[in-house]
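Presented sequentially are two complexes of chain A, the first with chain B as partner and the second with chain C.
Coming up: the complex of A and B.
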C-alpha cells in the first residue's frame, strides 16, 4: 500500500460529452490514430424516461492493478505515487493486460506492436509542470485530478455507478458523481 | 445501480468497439458494432515544414470560426508546431476542436498548391498551376466579366470558416475587397440569426444580449430550442456553478434529448416549429395568475399603451370570449390595431389610462398609474391597454390547447411558467437557436422576449434572453482594415433562394462566384439546386484549407493557410475579447493567407495600394474605435466591455417609445401583426397532409461537439470519434421502417437524398428525426443541407431548415 495515490474525479453532471479530454490526451502524449488512452463513452437508456450521460475514463491507476499481474513480461509497474505505467522496452505486445483490465484501458498500437495507455501524464507530474492534460483541459471541470484520499472524501462520490464494472475487482483510483435524474 | 439490459454504452458515434462490447456486454441492448468512417492517411506522411526558427516558443492565437473564439497557445519547437493547448487564463477553455487544429495544420488532406479544374465540375480532377497563373487568370476573367456585365454579375461569399479581420471576419479585409471592387450582388438576410435579429428589432428596437460570463448570477435557465452544452460548452461551467452553488434550475425545451436536455432538471419535448404556442401558453399562465412583474411592465414596456381596433374600437372583453382556440385563425386582423398617440412625434406621444384620475394621459406622466387592463371610451371610441389584447390572444392557449399543438405535457406548461416567474434573475438561453431557424422563427424569438419582459428580467444582472454576441454583438465597433467606398446598390438574392435564383438567373445572371471560408454547398439550403445553378456561372473560385465539398465544384481552387501560419486579429465577433493571433510557423506547401490572396488580386485589379500595407498598420486602423492598442494585445486578449455586463442595463430601448414594445410598431410598419400570435409552419405534417403521406417525418438539424458548421470535418482526431452522419430516430418510427440501430439508411425528400447511419433512440420525439447540420465537408452524400427547404422566414427572410419533412428507409443508395 502506497501513501500517495494519484486519482481522477468525474462529475457526470458537468460533462457535456465534448471529448476535449480525449483530444488533449492525444495532443499532449503524441498518441497517433488508433489507440485512445482516454475515451468518453455515452450511456443511454430509457427507464423512468429517456436518459443519457457521458463517462470519461482512461486507465484508473487501480490500487489493485490486475493488468500488471497479468503481464507476462513484467512491463507494467505501479509507481510509489500510484501511477501505473507500461515500460515500452519490456512490453512484448501479448495483450494480456488488455484482457485483464475491466476498463478497456490498455491500448494496442499497430505502429509499435506494443501496449500503451494513460500514464497520468507522469512527465508533467515528475517535472512539477502540472497534472494530466485531460483534466487540465476540461472546459467545465467535470474531470479533475488529485490525491485519492482527498477525492474520495468529497460529497456524493462513488467508485461505482451505472454500467461500470465492480470496483472491488481492481479498486480504481477514480471517483464519480452520478447524473441526477432528468424529469421529463 | 444494477446492470440493465436496455442501456447502451457506446463510443465512436454510439458504436461500441468489440472489446467494450464483450466487457460491458451485460449492459448492451442490440447496439451494433460499426467501425470505419474515413480512412485518412497518417500524420507522419506529411512532408516536414520549413523551419521558421530554432528553439521552443509559445505563440498566442485564437480559434476563429463562429464559436467561442477560445484563446489558443501554439507550442512550437524548432519551427514545428508540437502542441496546441487552450489558454488557461482566458475566460473559457478551448475545446476539442481548437486543440485538434494541430492535425489540421499537418493534415495530408490540405490543399497544397493552386489548381485548375481538369474534369467536369465536381469530378475532382485537377491540374496544378502556379500562383502567378492562378491570380492572373482570375484577375483577367474578373475584369472581362466586369466590362461585359458589371459588378452585379459577381457573388462573393465569405463566411465564418476563418472569421478574422484579415480574412472573412465582420468588417474584415475580404468584405473590404469586394467593396473596393465596386460591389457584388448582395445576399439578403442570413442563414444563422436573421430571426433573432428581427425579433430583437421588433421588440427591443435592436441590439442583442449575451451574458454568459454572468450566468453565475442566474437562478433559472430555460434552454429553449438550442443546445448550449454543445454550442456554448466553454461557458457551461458558469451554469453548472450556479446550479451547484445557488441551486439554480435548468429546464430544456427540445424535441430531442440533447446534451443540455440530458443534464437538465427538467426536459420538455415539443414538436419542431411550435415554440411560439408554448410561449403563449406560458404567457397565459403569467397573465391569468398575475405572476408578471406589474411595476416593471408598467414602466418599461408599452403594455399599458392604449390601442384601438379599426376606427371605432372593439368590444374586446365581450367578443374575445368567442374567439377560437390557439392555433386557429383569429376573427380579427391584428394589423388593424392602432396605438393612441398625441399629435407630436416624441417618444412620449403614446397614451395610457390613468387609474388615479380616470383619464387618458401621456404615457410618461409623473404620478400617473397606468392601467394594465380594462376597456375605456374616449370620444366615443373604445380603447384597451396593449396588455388586455395580449391577454385575450394568450387566453386561447390553455395548457390543453398548447399540449395539442406542441405535444408538451399539460402540467409542464403551467409549472414551468410559474417557476420561471418565481425565480429571479431568470435567463432564457436562446443563442441563435435552431428554434428560430424555423418557418416563423421570429415569433419564437418574440415569445422569448415577451416572457423575459413580463417577468422583469431585462436589464437585470444574470437575467433576460441570452442570445449570442460578444463585443461586436453587444454594440462594440471596429473599423475596416482599409477605407471603403460608396457603391451603387445592386438588387440581391435572398439567402435561402440561392439555387432558385441561379437557375432562373434572378434578379440578373451571375457570371462569377468567389468563395472563402464558406461551406456554400453544405450550408445553403436545397443544395442540389445550387449545384444545378452553377451551370449558369462561368467562373467559380474557391479558396480553402481543404478540398471541401464546395471546393470540389470550383474551377480554380486556392490553398489557404491555417491560423498558425499567419498573423491576424480576432476582434470580438463572438467573444467579448479582442485577440491578436501571432504567426507561429512559416506557411506549409504553397498555401497563402486569405489576406495575401485578396491583396494580390486587388493589386492586379488596380486597387491594391490600401491593401498592400503592413499588417500592424491595418490592425491599428481596425482597433481605433475600440480604445484597445496593439501593444495591449501583444500581452494578451483584452475585453473592452464593462464587467459584469448587463445588456439593456439602463432599460431604455431604441424603439419609438423607448420602451420594450410588446406592441411592435416595427412589425406593424412592415405589414405584420404587431402582437405575438402563433402561426403553424407550412412544412409540417399536421399542416400539409398530402406531403406528409410521402415525407411523414419532421427533420431537425443538430450541432455536435466535433464541428462548427462545416468546419473541422477534416481533423482526423475528431473523425476518429465522430465518423459519420448519424440520423436520430425514435424506436417506434424505426420499427415500422425495419431500421435497426446502426443500420445504413437513406434520408430523402423532393429536394434530394443523403446517406446516414441510424441511431435508434427514445431520446427523440416520435415523428421527428435529427441530422447533424453542415456534415459533408468531406463526403457530400452526407450533407443535410440537401434536404433543407429554401422557403424563407416571412418576417426575417432567414433560414427555415428546421421546418422540413423527410422520409427514411433502409439502404445506402443515394
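Coming up: the complex of A and C.
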C-alpha cells in the first residue's frame, strides 16, 4: 500500500448523526471536556424542498495545510504520509492556526493552553493496529478512511460538498458522497 | 470575543500608532527643516522616546495573547510561511532601529551622518511591520477580514493615531497655531508655519476616510455568497449596531474638533484653545479606534459549518 496521503471518506446518505465517531475519538485520544477533534453537525434547509443531513468533520489533513503555514512556532507539520500533526511541546498558543483553518479543526485546550486536533490516530497507524478510531467505529460505514488516491477514484465522490468551504483553499484530504434527493 | 483578544486590540492600535507617529515625525522634521538642518536633537529625542514607548508597550501587550508568553521567542521559528513570525521579526527590528536612532539623536545633539541612514532603516522596517500585520488577517477562511477594508483600516488607523499623536506631542511642547507668516516662530526659534493646521487637516482627512471604509466593507461582505460573510454583516449591523453608532458618533465629534483646530489660528485665544482641542481630538479618536478594532475581531465569522 502506498502512503502518499491518508484521507477520509464521508457518505452523507449513510450518516445517521449517532455521534459514535465523536465518542470513539474522545475515548481513543483521551480528549478532555471542551475540545472536539471530530464534530457531527446537522444541516437543514428548504431550498428545493426540505432536507436534513449530518456531516461528520475533523481535521482533513489538507494537502495545503494553511494551519501549518500560519503557525509561527512551527508546531504543526505534515508527515510524509500526509497526516498533519501538532507538536504540543512547540505550541505557544498563538491560535493563528485556528483562524487560518476553514474547518475549525485546531482546538484550543484551556487545560493545557495548547492547540490540539485530530491526528488521524497516527499512533494506531504507526503501530499497524488500525486506522482512525472514528472511522472504524462508524456503524453505518458513512465515515471511512484510506488513501486519497483510492478514495478519489470511487464512483460518485466529490471534493466539494454542501456548506463546506471551497476545497481549493486547502485541498482537504476528504471526499464525499453528497446527499441524494429523495423527493421528486 | 475572548478576553485575551483584547490584547490584540491594544497591540495593533499601539504599534500602528507608533508606525504612523514615526513616519509623521519625519514629515514634520522635513517641514521644519531650516538652513542649518533639522530640529534640535534633544527635542527630537523626546519625541522618538514617546514613539518608542508606544511601540514597546504594544509589543509587550501582545504577549498576553499567548498562552505561553515565556516561550514567545518560539514565534520567530516559522519565517518561511508564517506572517506572524514575520510580523514579530519586523516589529522587533523596528524597535531595535528606533532605539538606535533615539540613542544617536540623543548623543549627537544635532544631525549626525548616522541619523539619515538610520532614519531610513527605521522607516522601512516600520512600513514592513505594518505590511506583515495586515497580511496576517488576509485569510480566505475569514471573509470579514479578507477584504480590501482590512489594509485600508490598518493604514488609516496608523495615519489617524500617528498624526494626532504627533499633534499632541507638539502642543505639549508649547506649539500653538500661528497665522502663516514669516514672523511666526516655534519655541526653538524655527518657523512652524501652519504645522498644527497641516496635521489637523491630515487628521481630518484620515478620520473622514473611515466613513468610506464602512461602505466598502459592507459591500464586500454583501457580495460574498458565504453564510459566514452574511453572519459577519449581521453582527456588524445588528448585534453591534450600537457600538458602530458610537464609533461613528465619536468620529463625527473628532471631525468637528479637528475642523475647529484647523481654523483655530483665526481665533484670538488660539494659544489656550489649541492644546485642549488637540488632546480632545486624540482621546476621541483613540476611543473610536478601540471600538473599531473591537468590532474587527468581534464580527469575525469563519467560513464553513
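Quick notes on this structure:
Definition applied: the second predicted complex is superposed on the first by the 180 of 184 C-alpha atoms of A that agree within 3 Å, B and C clash if a C-alpha of one lies under 4 Å from a C-alpha of the other, contacts with A are read in each partner's own complex, and residues count from 1 in each chain.
Criterion: a contact is a pair of C-beta atoms (placed from the backbone, for glycine too) under 8 Å apart; a residue touches a chain by one contact, two chains touch by 3 or more.
Since we're looking at a predicted model, the values are computed, not measured.
Touch criterion met: A:16 reaches chain B, while chain C stays clear of it. Put simply, more of the residues of chain A are touched by B, taking chain B and chain C as the two choices. Once chain A of one complex is fitted onto chain A of the other, the partner contacts of A:41 extend to both chain B and chain C. Of the two partner chains placed by the overlay, only chain C lies in contact with A:71; chain B stays clear of it. By the touch criterion defined above, A:104 reaches both chain B and chain C. Applying the stated contact rule after C-alpha superposition, one finds that A:163 touches each of chain B and chain C. Of the two partner chains placed by the overlay, only chain C lies in contact with A:114; chain B stays clear of it.
When both complexes are aligned on chain A by C-alpha atoms, chain A residues 41, 43, 102, 104, 163, 165 touch chain B in the first and chain C in the second. In the complex of the two chains, the chain B residues touching chain A come out as 1, 3-4, 6-11, 14, 17, 19-20, 23-24, 26-27, 29, 40, 42-44, 83-86, 88, 92-96, 99-100, 102, 229-230, 233-234, 236-237, 240, 243, 257, 259-269, 705-706, 716-718, 720-721, 761-763. Chain C meets chain A in the complex at residues 65-68, 71-72, 74-78, 81-85, 88, 136, 139-142, 226-227, 300, 302-305.
Contacts from chain A toward chain B in the complex involve residues 13-14, 16-20, 22-24, 26-28, 32-33, 36, 39-47, 49-53, 98, 102, 104, 133, 136-141, 161-163, 165, 178-180, 182-184. Across the complex, chain C is touched by residues 41, 43, 55, 57, 66, 68-74, 90-96, 99-104, 108, 113-114, 163-166, 169 of chain A.
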